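Two complexes, one shared chain (subunit A), two partners (subunit B, subunit C).
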Partner chain A sequence: MTWRGNKATAGIILAVALIIAYAAAQSFLVMAQDDVIVKGPGVSEIRMLGEYFSGLKNTAGDTEIYILRGPKPGGRALVLGGTHPNEPSGYMSAILLIENARPQVGELWVIPQSNLTGFTHNDAQEASPQGFTIPTSWGERYFRYGSRATNPINQWPDPDIYIHASSGQRLSGSEVRNLNRAFPGRADGNLTEKIALGITELICQENIDLTIDLHEASPEYPVINAIVAHERAMPMAASVAMNLQLDGINIGLEPSPANLRGLTHRELGDHTDTLAILMETANPSQGRLRGRTDEALALTGKDDGYVKAAQLGRLFVPYDEGGHPLEERVGRHLTSINEFFIVYAEMYPESPVTVEGIPLLWDIEKNGLGAYLLQPK
Partner chain B sequence: MLNAILHSATSPREVIALGTELLALVVIIVIFVVGSFAVKLPIGLAMVAAAMGGTLVSGLGIPLRHLVEGGFGYIDTILVIATAMIFMKVIQQSGTLDFISREIIIRYYKKPALLLMLLMLLAMFPGMITGSSTAAVLSTGAIVAMVLINLGIPKVETAAIIAMGGLLGMIAPPVNVPVMIIGGGVDMPYVGFTLPLLVMTLPAAFFTVLFLGLKHCRDLDVEAIMGRLPEVPEVSGFLLLSPLLVVGILMVATQALPGIVPALGMPLIFILGIITAIFTSKRVRPFEACASAIKDALPVMGILVGIGMIIQVMTLTGVRGLIVIGALSLPSVLLYLGIATSIPLFGTISAYGSASVLGVPFLLALLGGNEIIVGSALSLIASIGDLMPPTALAGIFAAQVVGIDNYFIVLRKCIIPALVVILIGIFFVIYSKHFGFLIL
Partner chain C sequence: MLMTLIYRALIALVLFFILVNIWREKDIRNQAVGAMVTIPLLLRLLMLK
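So, the complex of A and B:
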């Protein structure tokens, strides 16, 4: 049997293609709707990143900064969530800080969606869910599950090779949209580099003492359930890791590699005075060994493929049928952040940051994430 | 591998999950085979049907968003193919290919082995600069093909040579995208790869061209060859070469001077080459060239859209993870065999996809060796994916360049060079620790 086309069949196919395009567009446009983030009791002010680098104003890269000021002066800490919008424990931890934390001394600055444009699409061929729902006592909160990279609608095309501007490091072309390969950023660069510059400028202009960038990685990735610290932050990170181990939280400590450029823990540490830290939890919904990819996987972290991979000794974290639920991953991040504030205050008593109200691992595992999400007005 | 997958399930829940994923995999394969061979659908459409079958049997209905999202995964590659194909048609019309072919034969016919090796380097060059085998095959690959055919090398061998040249060029330094993808998965910067990649690719390239071509180039009768060459238009060589010069200079400049020359992207570079040809040759018929190029490239572009949908569906349904776990479940003795077979076979989808999906887990499984050497070798093995039908980007375009409709006869000629490439790759994977001195 052979298939022959004519003008009528071409017209029909074109019409069908247009209908499919329209229907598909409706589902893609869902991703353009902003997530609701509720101002918690500690939030004093909301600014935009464009205030620190004017090249970001009125662009898709401009994003909110939540400032939580304590009654007593002290140091300033910055938490970055959503550097990679397909790593939900990072931005959910940032959102929980905004909605729950109450600084007592110093200031806590939080950017929950550092690469905001990355929240507006998904990576082709990764089949990621578009979002997930967290149940609460008063209803549900919905959050987007985005892409690792800037939306190509806002920055396209990718070069064949991405050459990191200040180091000359070469990476595959798609990494040009990866915010965590773009630091310290460039004023005349692409949108991703401008976002990176905005964050770098914020840190410089506001004299941020401590910066913590929250991430997730696939369980087969060697740097997992770990703290990565710039050399100036290493003594503090070592104390934090030890304290967490004593609390029963198994966490690794890695030095920021000097030859891996463009990442927060390297470039913010080198180009600003901040103590730069990056933290990773285990997220199977972004790994290559995962089974069916859906909202449940992002939330529960349960995956039979990873159970098998653990049995084969292919993973860098313990993995069983219990998976690594979002509650655990967010709890690890928040408990670690809390520990950083404690150790920082001990090591730098002249500029402490003391924060109350941070939900810790055992609180979240007991009460669920929903218990710490506020009801939007 | 299937055996490994089935024996790896240890709980009833795992068996059920594996059953669904396995069923989806089987349905995808069956619908694709029946659709393309029995119903004789265009391969791209057979893939769309297979992708929909996979989601239906997994209880996901027909997820329009996923099908469209996956289909757009190769939009950049499709643009490169479309513009490169038009460029090739244009330089055919202008007489550029005939001119270069004539010049190369006149200058080097007395040393056929040297001539063949230089031609292989020429065929590899755009791949080395851009990291794209398609760009190589459709630019200098077309020039080299013209020379080889005029030297008396049969079309099938010629297609095999430029296909291998394209994919080895894609792996050779300075730009190797598959190894960058693998490195990106483990945070390994693209540093120190130059010499290992040269040591792996050049012997394979020279072997390929000499193995397939040298026996046809002994005792060349240059007068007879020149008589067979088509007439070259009576314009200056510079004008004839200008489209190629524009493309070549821009390819090199955007890589060598990143701060000065902006990243134009391959499609724009080819378009600038096309515009140059239009202004420098009266023989160029741009509309005819565009129509002919798109007609020739459409099946492959359709396949890329279909492949994108299948990858998305394989990821969505868990089939992708099933394949990766299956490969990693192989006993250590068979791990190298798994690498040698699964990476090229997954290349039926794409060499880049294979590098990402299997290259990264295999590199992690081989930690303890020299990661730069292992990554280079895995990328070399992944390049063979560009020969694997149905996508076979390097192979199908090489066949089109020489005017062969049946790609499979070209694939047959590529078997021995491809095996040599895989063996070189496996050798370096096994003995990676001994080759650390190559990293400068």
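So, the complex of A and C:
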């Protein structure tokens, strides 16, 4: 068989390569399309994070802040979703707050996609889905499933070692794009540090009383189904944990480690006056023991490998064939947030935050997530 | 920003040389290999991935 090539074969082969590149580009560009977030009845105003730190304006890191004001003055609470865009219960909880919550006293500030650039790509070699679809009574809503870190298109190259600016803590190089290792942020730092600074500035300039950062972790990670609290927030978090236990929601309470730097619960508590909280739910699609990683795993949390791991006693959460569906994970976050508002109002009656309309765990498990997603106009 | 521009210029240069080689190559297998290399370079040049 002859393999003789000429300019005609070169042209044909390059045309095929161009078609493949075009198809690949279309797939990657899907991740660049913004998620639809509908303004709920409680939303008074939408601002951009760049208003609090000008270095973020016109960058891929500038992201929306939804402000929900109650009719009566009170305290101010901030909820962060999407600090890690591959942890869907965090940003879906934030979106459900935007579309359903109605503050009666005080203000609720929500950043649903804290690391917006992380939503524009997937983690390499993780085979993650690009997104997932939630059915509703009127149709479907699609949401992206992003990466844990900032898109390297927007911030590169990674150093060999990431040195946290204010503490000197040394981490692996890729952590330089992890927003939850970048706090309190730096004005002359990289994009991730600028996003962190924008959030820190927002908390300082707006006198945010309570900050709750929403996350997920793999079932084999020790800090799971848990509240992590800065020491100033620990009395409040302890009351919340006890109340949730009484409601039948098994949740742990962890002190924010003093020597683990760059995280919201440590740096926002140290560098601002806010009461800093982080919460985790169990997401098998992030874990090392998972099998096929697809939209179904992100939505249902069902995985045979984790059932086996639970039988061997290797997990930090109960796990059976029922998995940990997104409804349960979002419901846990929202029920915990609601409990934080109740306890905060009891402990700080001079600046309460009272919010109605938050879908709770039992509501979401009964009605599904779709029942609380509004139809885009 | 300057570093990104230099990076993209280098990618464009490498891509150009590969295209020239594919055009001059007499073995169809080597042409195919060159074409495969152009795909990620093109996506990176356009900053799509």
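Throughout what follows, the second predicted complex is superposed on the first by the 358 of 377 C-alpha atoms of A that agree within 3 Å, B and C clash if a C-alpha of one lies under 4 Å from a C-alpha of the other, contacts with A are read in each partner's own complex, and residues count from 1 in each chain.
The definition used in the following text is that a contact is a pair of C-beta atoms (placed from the backbone, for glycine too) under 8 Å apart; a residue touches a chain by one contact, two chains touch by 3 or more.
Just so we're clear, the structure is a prediction, and the values are computed from it rather than from any experiment.
A.B. asks: Given the touch rule stated above, what does A:I20 touch, subunit B (first), subunit C (second), both, or neither?
C.D. replies: After superposing on A, A:I20 lies in contact with both subunit B and subunit C.
A.B. asks: After superposition on the shared chain, which partner residues are touched by A:T293: those of subunit B (first), subunit C (second), both, or neither?
C.D. replies: The first partner, subunit B, only.
A.B. asks: Taking the superposition on A as described, I'd like to know which of subunit B and subunit C A:N259 touches: first, second, both or neither.
C.D. replies: first
A.B. asks: If we overlay the two complexes on their shared chain A, which of subunit B and subunit C does A:K377 touch? Say first, second, both or neither.
C.D. replies: After superposing on A, A:K377 lies clear of both subunit B and subunit C.
A.B. asks: Would you mind checking which one, subunit B or subunit C, touches more residues on subunit A?
C.D. replies: Of subunit B and subunit C, B contacts more residues of subunit A.
A.B. asks: Thinking of the overlay built on chain A, is A:L29 touched by subunit B (first), by subunit C (second), by both, or by neither?
C.D. replies: Second partner only, subunit C.
A.B. asks: Kindly classify A:I153 by the partners it touches after superposition: subunit B alone (first), subunit C alone (second), both, or neither?
C.D. replies: Only subunit C; A:I153 stays clear of subunit B.
A.B. asks: Show me the subunit A residues, by the header's touch rule, that subunit B contacts in one structure and subunit C contacts in the other.
C.D. replies: Touching subunit B and subunit C on subunit A: residues 3, 20-21, 24, 28.
A.B. asks: Using the touch definition from the top, list the residues of subunit B that touch subunit A in their complex.
C.D. replies: 8-11, 13-14, 17-18, 20-21, 39-42, 58, 64-70, 72-73, 76, 79, 130-132, 175, 177, 180-181, 183-187, 189-191, 254-255, 258-259, 263, 265-267, 308, 311-313, 315-318, 320-322, 324-325, 328-329, 353, 356-357, 360-361, 364-365, 367
A.B. asks: Over in the complex, which subunit A residues touch subunit B? Could you list them?
C.D. replies: Where subunit A meets subunit B, its residues are 1-3, 20-21, 23-24, 27-28, 122, 124-127, 130, 157-161, 163, 165, 169-173, 175, 220-223, 257, 259-261, 288-294, 303-305, 307-309, 311-312, 314, 321.
A.B. asks: Any idea which subunit C residues touch subunit A in the complex?
C.D. replies: The contact residues of subunit C facing subunit A are 4, 19, 22-23, 25-32, 35-36, 38-39, 42-43, 46-49.
A.B. asks: Flag every residue of subunit A that touches subunit C in the complex, lowest number first.
C.D. replies: 3-7, 9-10, 13-14, 16-18, 20-21, 24-25, 28-29, 121, 153, 156
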